[in-house]
């Protein structure tokens, strides 16, 4: 942490800052320039976060130097984390596609989708049983019944299951049914939920919040890791910008950034990231080309009848076509899809 | 809802959309222009939300017409809602200032602040017992013990208490201690929490999410109203933009907008809205000048020693000065502060 | 400027950075922490801007410390700049309102507006003769003929004139007609235009760019000051955010920020800042309450017939009402409007 | 254009809107719903833009339906535009990489880069002679002398030349030296510059503005096309968002969007789009995978000594490596790079 004093800071003001830091037990590295005094603060990082140097007269600004995350960062953990679930793995040479409808709508729908997802070549099925909806009047999901249908589909097809958890009170129940717990964008900083999930030995897919910075996203992962859950998969799903043509702006640069700063696998959701099914194909390809470890994609047997997110869902035909094109691309990237 | 067909939409494509709508039981108002066909859809609003017209070939765009909120909107409820708590009220001619520290740190601190807040002329004290923090390593609050200190301060001073609730599992407990439940920005779309709180007869202060649109914010209020809790106070607290000089960009225009679109009281948090105590004074004044019903302000007996948000906390002296200046301004606005 | 090395930077990497800096003639203030090496760079600021330390292996990040502006900043120029034009002044105790139509549409219109603006109590009239329009098919302004009408209105009423200049080739001509040259938001970083205007002794109103940071805005003012034009008035006019209810998000916090960082007068444009005439009144008041030195407001004798920006233009009646309310507010702020 | 009346609009208010529209010569398609009255407006599009319906009492909102661009849109011009310059073409099966330094710094530098660019397999060299810089104290470019060096490099290597034009007064001169005129992000809405360039028969690369919407960007292209210049290449270069880890957020979804909405070639600038050379490689690949027609990339013989944009410039080695990887990817996409 660096304290930059104002140009006209008096020696009394500089002394006041020094005394405060010394009292708190910090060392000071003083740099008296021609125009300004700058102080480097030496000592315990966590305690530095509680210093309120901006409140001192004569202080111009305080510049943090160290990254606030430890467990999620690559600095202490150089090798890639490989998240393994049975014979499926995230973070290595194999690419994973998670596909399925936004919401579990009925037993028939979900069994039909499962066959379709499997036929397309994917190994994991997505489907929401608890839906966080902007409007209280929208379809809110089939809840536990939906999870039962997902479990049945898994039994029939061998596909793994991922589904979103939205309430700390239902984590235990959800963990019984699913293979990967999904934390949605709106809950990325729902710390009560993060803490609850951190106590389970169950892989988690952590979506980036709508307006979460790279650092906030890593800190949310840090909550999970600090609580003991090490199987964290990051998911870029678009951020909120001024552009309204798309539902969100898919920030594909987050893929190489997160692969550099953390050791965790990174996947992309081009369905929510764009909100338009026509853009899912090119953005899925772009994600893999940028180095993503996988994708999560909305597919529906009949998007026109979907109870939510129809406009961004692929038909079975378009999904199969996409998988074939991704397979060619994977080869060019020295990765494996099928 | 209006469906705009593409310029070169074929008559088969137009027929397909019409059949789909007719089957679903909607009426159609057809407008065949020289260049395009446009259809107005007539029928039940909630059901319209489930139409996936973007999935049809030949559809250019779908334009929603009606506002998706009913209970929060002024259209069905013309008069201002006045939220009353004892002899304190929000939404009428009286302006309310809620003041206090970001976090309850100790019994001594909170009793000292309470005297200071009362001396300044405010009637409500804020103080966080459960703190949502970006880092798992930051101070997370005194939890229920903090609430007990707040209750003791209320008893001593007669001030009302507002504190943030972050977990659906602790709403019942919190409701025992506080006069107003606060929903923080990060939880504005924590629907499990909103639904839980909606079942209590306890005033709620609903902060705007970091990147929540006006409409999403109203829809979050709609969750509370739809569940039965009618005492909702809206709180603008800054939105996330590209600007980094301030912690957030305080969107004061949200005050007259929300007063126009809804019947609910609107207050402003200039402390989180700017992140800098030097900006709190001018932005507090600007908020009242724009028509806000009140303010929530961070005050600390010694901001340099605050465990969180020190840089945006006012000292007792600056708080007292602000209250005097606000009182003059209130007079010029035909409102009452003291 | 501070260079932060990576945690695992080798001594060779550290040496490489040191040699590079020493060769370039910079001094180094080395701070060898337990976890990291940090270097403060001592020497000429302008030259520091050309260092490419991010290109060295082992460098984690480079943190600039000093502000890049000199002439616009308060550090070298403590007292407020008062921009004087005849008996009108910006930046002192007097508040200025500039009012008029978005575009000069005809001689009749502009003479009618001028009377109305004067009757309302304002001393400066705005009116665009060259209009920067998003569409090439929209009305582009009356050009020099429009300036002649403005000059005629000035002669008749004694009002001063402000109008926008959009092309470096027309600065000389514009300077003959107007009292204040306006640089629009889209041209805030049109450096050819800034440089041209900087050579004139003519007050300039510099609008903030649509997505300009505080620092970029000050740097644009620095172009004007560095070229010799010292009469710069800053104008906040809303920034682009995710919110679409308003045309822009008016960042009123920019007023106290710019008054702190610079010595220049700051005014606000609530018309473009909101895009909705109903919001102009509350946001005009909020701007003055936050400390603005004045306002620029769109007024039209008949907004329904305006050739541009009708939806954000006040009628004469609403303008007169606003001026009266602002006058009361000015009194409460110890400023003078009339 | 659709006018939505308020729920409680009176019949007088509805009549007032109808009379106004009828007087102006527009047809009305009236839709009287149970809750609201909605009017579709029939008639000339350009004139509709001048209607100020928001100023009428009882009007809730006005919804534009038609796209405001004609020449740039695919609706009137279904086939892809292929921009041809000698034997180089944009928009077909061949991918183009434009490479070179941010700024022309000296004759030696530019001749060295030219050999390097050619050796890497690219056919076009970029290099700035007029640099738009945030600070008036930064290096502003070698101006016409820089163009002469570029011309010499072209003569020696056969590479085509692209360089940025920043002032309408220098378009004629620039057009003598370069093969493609570049319009920078800050000048995307410099309409005086757009109009000037539109009168030349010279290919133009039009960068997206820092916070330009998709529609504003197309409208800027429309200025060029409407003036007679049909050889427009669009360039996505990152937009401004809340994220500060990267210089900008590269919006790769703009590639398939612009290929859908317009018939113009689309290229991507991953150097400015990220600001970090380590991200250029993955984002270049992602751009091609999303369907881009080419790339513009900053390369410098010695990025550590670059006078501008060093941190985002590739070394010759990294450039050569990237070109090889892109060639493999191009094959997988059925395109040709070399």
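To keep things simple, chains are lettered A, B, C and D as they appear, and every chain counts its residues starting from 1.
The definition used in the following text is that contacts are C-beta pairs under 8 Å (C-beta built on N, C-alpha and C of every residue); 3 or more make two chains touch, one makes a residue touch a chain.
As the structure is a prediction and not an experimental result, all values here were calculated from the model.
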- prompt: More contacting C-beta pairs: A-D or B-D?
  reply: A-D
Task: Would you mind checking which chain's C-alpha centre is most distant from the centre of subunit B?
output: D
Task: Let me have the rounded angstrom distance from the C-alpha centre of subunit A over to the C-alpha centre of subunit B, please.
output: 26
- prompt: Between subunit B and subunit D, what is the separation of their C-alpha centroids in Å?
  reply: 38
Statement: CA centroids of subunit A and subunit D: separation to the nearest Å works out as 31
Task: Any chance you could list the residues of subunit C touching two or more other chains?
output: 211, 240-242, 244
- request: Have a look at which chains touch which and call the overall pattern line, ring, star, complete or other.
  value: complete
- prompt: Which residues of subunit C touch subunit D in their complex?
  reply: 20, 46, 49-50, 52, 54-56, 68-69, 132-139, 166-169, 186-187, 189-192, 210-211, 216, 219, 222-223, 226-227, 240, 276-277, 303-308, 310-311, 313
- prompt: What residues of subunit C sit close enough to touch subunit B in their complex?
  reply: 211, 213-215, 239, 241-246, 249-253, 255-257, 260, 273-274, 278-279, 282-283, 285-291, 328-329, 331-333
- request: Quick one: which bits of subunit B touch subunit D in the complex? Just the residue numbers, please.
  value: 2, 4, 6-8, 29, 31, 33, 35-36, 38, 40, 42, 63, 65-66, 75, 211, 240-242, 244
